[in-house]
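What follows is a set of structures for review.
In what follows, chain A forms one complex with chain B and a second complex with chain C.
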Partner chain A sequence: MDLFFHFTDPILRAPTIGCILMCLSASLAGVVLLFQRKLLISETISHAAYPGAIGGIFLLSFLGPDFERFSFIAVLVGALFSSWLGLQSIRWLERKWKISSDASLCFVLAVFFGVGVLLASGLQQVQPMWAQQGHILLFGQAATLTDEHMVMYGLMSLACFLFIVFAFRPLQAILFDRAFAKSIGIPTKFVERIFFILLLVSIVAGIRSVGVILISGMLIAPAVAARQFSNQLKTVFWLAAMFGAFSGWIGSILSAKFSLPTGPMIVLVGAFFAVAGLLGSPKRGVVFRLIRQAAFHLRCMEENVLKGLWKTEMDRHALKRLYPSMLSFVLFRLTRHGWIQKKGFVFALTSDGRTKASAIVRLHRLWELYLTEQMGRDPQCVHTSAEEMEHVLTPEIEERLTKLLSDPKQDPHSQPIPERSSL
Partner chain B sequence: MKSALEMDQLSVGYDRHTVLWDVSFSIPAGIMCCVLGPNGAGKSTLLKTALGLIRKMSGKIDFFGEPLEISRSRIAYVPQRESVDWDFPITSLDVVLMGRYGKLRSMQKLRKADREAAQNALELVGMSAYAKHQIGELSGGQQQRLFLARALVQNPDLFLLDEPFAGIDLATEKILVDLLKKLSSQGKTIIVVHHDLPTVPEYFDWALLINRHLIACGPLSEVFHRENLLKTYGKTASLFDEAVKLSAKSKIGL
Partner chain C sequence: MNPYTDVNFFEFFWVLGKRIWQFATGGGTGLATATDEIQLGVLACCSIACGLLGPFIVLKRMSMFANSLSHTTLLGIAGAFLFASHWWGSGMTDLSTLLIGACISAILTAGLTEILSRVFRLAPDASIGLSFTTLFAIGVILVSVFTRDAHISTEAVTGNCDALQLSDFRLALSVAMINIVAVIVFYRPLMLIAFDEPYLRALGFSAPLWRVCLFFLTALTVVCSFRAVGVLVVLALLVGPYLTARLFCHRLKRLVIWTPLCGVGISLLSVALSRAILSSAGVALSTGGILTLTTALVFVGGTVLRTVIGRAKPKLTLHMR
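Right, the complex of A and B next:
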């Protein structure tokens, strides 16, 4: 099978497995950032790493031109150093100069990246042989990953995984309620510091395969997707790891197949999961919300027809005049559920339908009475509000209304209020 | 009487900005004490500094005669409800279980005893029906009760609550106060940051008044009077008159 061929092929093995592991650790770190509400920082870290990485290549090209094979170590060290420097600058800007956090994040990102681009063009002129090394850091290049990379990414993912397993409870407490966590003696600073080191290493190491510009997408997309599908922090972590690993896998295969840059490919696959989550999550997704909205709308229409038939039996034409939209479907459903029946040409309520309809009318009239008696509204103006509320009022609210109005028998328009159906 | 919380010449500041200075007082164990003061007086800061959440500039803080490091397990903190993200993916029961995290080692499994304690705590605050609910589904009052339940499973001797009655319905306020009074009658010490003067005489038996510095600390009968409140609340004396009227009313049972 084509998909698994990538795990065994000697050339494709390292890029594929490397990408999977790298995305795995990035997405785990992303979940923590998501709940710390600090996702932007990943963008700044990666961009701030760029000048250091180029600087590392620069230095190595002068000091050890024979060690090109180990340039990834120079990149790593340089990138770690400059992203650390970037973070210190952010702190300094925030604390010393009272610059707001998003402004200092953007400022550091732009300045560091600018310096990086300058350095890269300098490298192009001074050491053209090495310039390619710097180029690939922008968008990442998984195809040239080696077994050393694979081992490095493996260790990194393992470290992230172990951290989350061992520190799960403290982490959960810190993410939910930091002050409380500190008050019960959880070493918040220590846990956060370890996380931060892992985050830094994950991003800096990931640059090689996804690139400076897009790596933050790899942290964010799986985390956002996972949050949509679960309401348990533990599950969110598992799902994010899964989405992340999958994006790395599929993305690297697609990029190898169509010889496209790896970074954008992986991020696009990750983004696909995120969009799928935003649209398709059962509780929060747009699709299901639209479905629930439509269902509510349909219920309103059905209840309105029931109400109309409660007042008088009608034939199809009379109904059509009152309820023009989707009437056939509404009548079909009402008949099928046993609320109405057809007698010759006219539609009439069944006895169950009568009970149901009078409950709706009761809510309508109770609400009208409440608005006039308790809220001082003019009886002429209360109908519209009641038309809406009759569909949403719960039995508990009905109970409270009944008590508040001391079980009334007449609405403000001197119409009788039907008895409660349960009585 | 043994003191539950004692501060000696405490001063606190955020970047060169002094928030509290030279605060010294002692709150005896087993009483119910409110911390009063206008907005920005440093009430929350006082609690947070006591718990080591904010670094103090100088001074000494003791709980039950010992420093925080030793007495930490005897203290429960209930932060302001708004301080956390209620959209966080966690159930009510798990939030309450957090109260036990301080006592467990990092990989130790939650014991049956922990789970039962959490269930009991939820029962006590009338929230057992919501154990498996997402915290995002809870109302403001329920969130506050949940926070108190989390403090209860810590089995503390001292409760520090930061504005527990802010933005909740009267029914919940009553449940919380009754529960706190019960705890107090069992010998627990309760310290509450409070901002509703009229209810003070009904709820508390001791008051600590601050506005950047200590105005007074003592039994209600000694410190809760016009002069001190004027000092605490500055020009907003009308508020005080209102409180006194209400206090007088509640004393004669109106």
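Right, the complex of A and C next:
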């Protein structure tokens, strides 16, 4: 099988597994940031890692070409240091100088990345041989990952995963209500500090394969996708890990196949998951939301038609405002429900339909009465509100209204309120 | 012959002053502008353009949005480049095509971010992050599919202050002019949109219209400056000088004057520093990188100064007038 070939092939094995592990830990960190509403901090931290990575290469380059195989350790250490420095600078700007988090994120990002560019231009001129090492950090290059990288990323991802597993309870409490978590004795600061260290680790692990500019996409997209499918924190974590791992896997396969840069491919696959979730998730997805809205709209129209027919029977008023373009469709559906019947050229209510329609009119008039009697509204202006509420009121509310108004017989316009009937 | 060859940091200002004096009195011979002067001119214009908008953008919390605009510019450039080279045959693409492409991508970014937060009900940070990383990824892939060269993308992000031409200066100057006119004419609605939107509406202005106006000015500044100096410098100049000026000013009107001046000072310092490093060490460092570093150093210097003098007046709230 072509897809699994990537796990066994000696050359493709390390890039594929490395990408999967790295995306997994990034998406776990992304979920925490999503709930803290701090997703953009990942963008700043990843850019802040750049000068350290370049600086690490710079320092190593003075040791001579023999040390080139250690360059990934230099990159890791340097990137960890400078991204930590970036995080501290954000805190300093926000706490000491009361600068809004938006501005401080942007400032730290620009300054650190600028220093990185400065160092890279220096490296280009002083040690041109090493400049390529720094260049690939911008957009990432998974193809040249080796087994050593893979083990390293495996350990880093394992650390993130274990943290989420073992610190799940305190983390959950902090994410939902920080003050509460503090009050029941959870060491919030300590947990948050460890989380931020792991965030740095997972971002730094990713810059080699996805690149500093796009790694934030790897934190954002799987978390957003997972959030669409579940309201349970635990499930969101699992789903995000799955989406992250899949986008790492599929992205690296696609990039190897079409020889495209790995980072953007992985991010695009992640974004695809996110868009699919946003559109098609059963509870929050836009498609289903639109369907639900349309269904409600249709029900309102059906009920209006029923009510209209009922009123024509009762007091021989002409059907008013009942000729929308959807009318024939609505009539068809009502016939299928068994609420109306076609007799010759006219539609007439069946007995079921009459019960249903009188129930709707009852809700309408009850609500009008409630508004005038209990809320003190003018009887002239309660009709519009009742036109909407008659479709929304549930049997429970109807019962309470009946009790509240002591089973009324007449609405404020002296029209009879139909008896309550079981449908 | 560049008159700035082998000058050190202080001599740079001496030579610059001498040449400006010559230019002003008309006594100079061979007034072909040196590369350093073009660079200085472009950076100064950019810092005026960015510095005028900076206060409004930071107050409106739009700076990370400006960051996302600056990233997705790449998609617009790549798209325009492909479109032009495909339809007009040759690879010749003039500046205006690229600018139109970049403007379209800016509008696309803003639209996508709005849709994600309004229709899909995502939090603002998630919608900004998702839209720009996706568009940027598409941009990088477009570039690498059709050119097999990541060089363009690197340049678009990091910018290249060291290969500027007179046409770049004209572009930067026109953006600075547009922003000066816009901020002077529309000062009141822009101030209110940044400070107090309900008050703006109560005065009978249309809030969405002025939000779009601020967005449009931001996009114009970012898009036109990227070509000259790269997105990095734009971001640093949008936020850095404002934050520095903010340490000492508490009135928006003064901030709008001091922020561009601070930016001009920073660009002067960084061009001189870049030249001095080239003269003394023989290394041509990226001027954009030096500029961001200078911005940070100036801010840190400002905080130190503020701490020294700040004990007497620890007031930090910003006033509208």
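Methods note: the second predicted complex is superposed on the first by the 402 of 423 C-alpha atoms of A that agree within 3 Å, B and C clash if a C-alpha of one lies under 4 Å from a C-alpha of the other, contacts with A are read in each partner's own complex, and residues count from 1 in each chain.
Quick note on the criterion: a residue touches a chain if its C-beta (ideal position, glycine included) is under 8 Å from a C-beta of that chain, and two chains touch if they have at least 3 such contacts.
All values derive from a computational prediction rather than experimental measurement.
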Comparing the two partners chain B and chain C, which touches a greater set of residues in chain A: C
First, second, both or neither for A:Gln172, with chain B first and chain C second: first
Touched partner set for A:Ala49, first chain B, second chain C, both or neither: neither
Partner chain(s) touched by A:Gly185 [first = chain B, second = chain C, both, neither]: first
First, second, both or neither for A:Val117, with chain B first and chain C second: second
Touching both chain C and chain B, counted on chain A across the two superposed complexes: 37
Interface residues, chain C side, partner chain A - complex: 58, 61-64, 66-67, 71, 116, 119-123, 125-126, 128-130, 133-134, 136-138, 140-141, 144-145, 150, 153-154, 157-158, 232-233, 235-236, 238-240, 242-243, 247, 283-286, 288-293, 295-296, 299, 303, 316
Partner chain B, residues of chain A touching it in the complex: 35, 37, 95, 166-167, 169-170, 172-173, 175-177, 179-186, 227, 230-233, 235-236
Chain B to chain A touching residues, read off their complex: 15, 48, 51-53, 72-73, 75-77, 79, 83-85, 88-91, 94-95, 98-99, 101-102, 104, 106-107, 134, 150, 154
Interfacial residue positions of chain A with respect to chain C in the complex: 34, 37-40, 42-43, 93, 96-100, 102-103, 105-107, 109-111, 113-122, 125-126, 135, 138-139, 213-214, 216-217, 220-221, 223-224, 260-261, 263-265, 267-268, 271, 274, 278, 284, 286
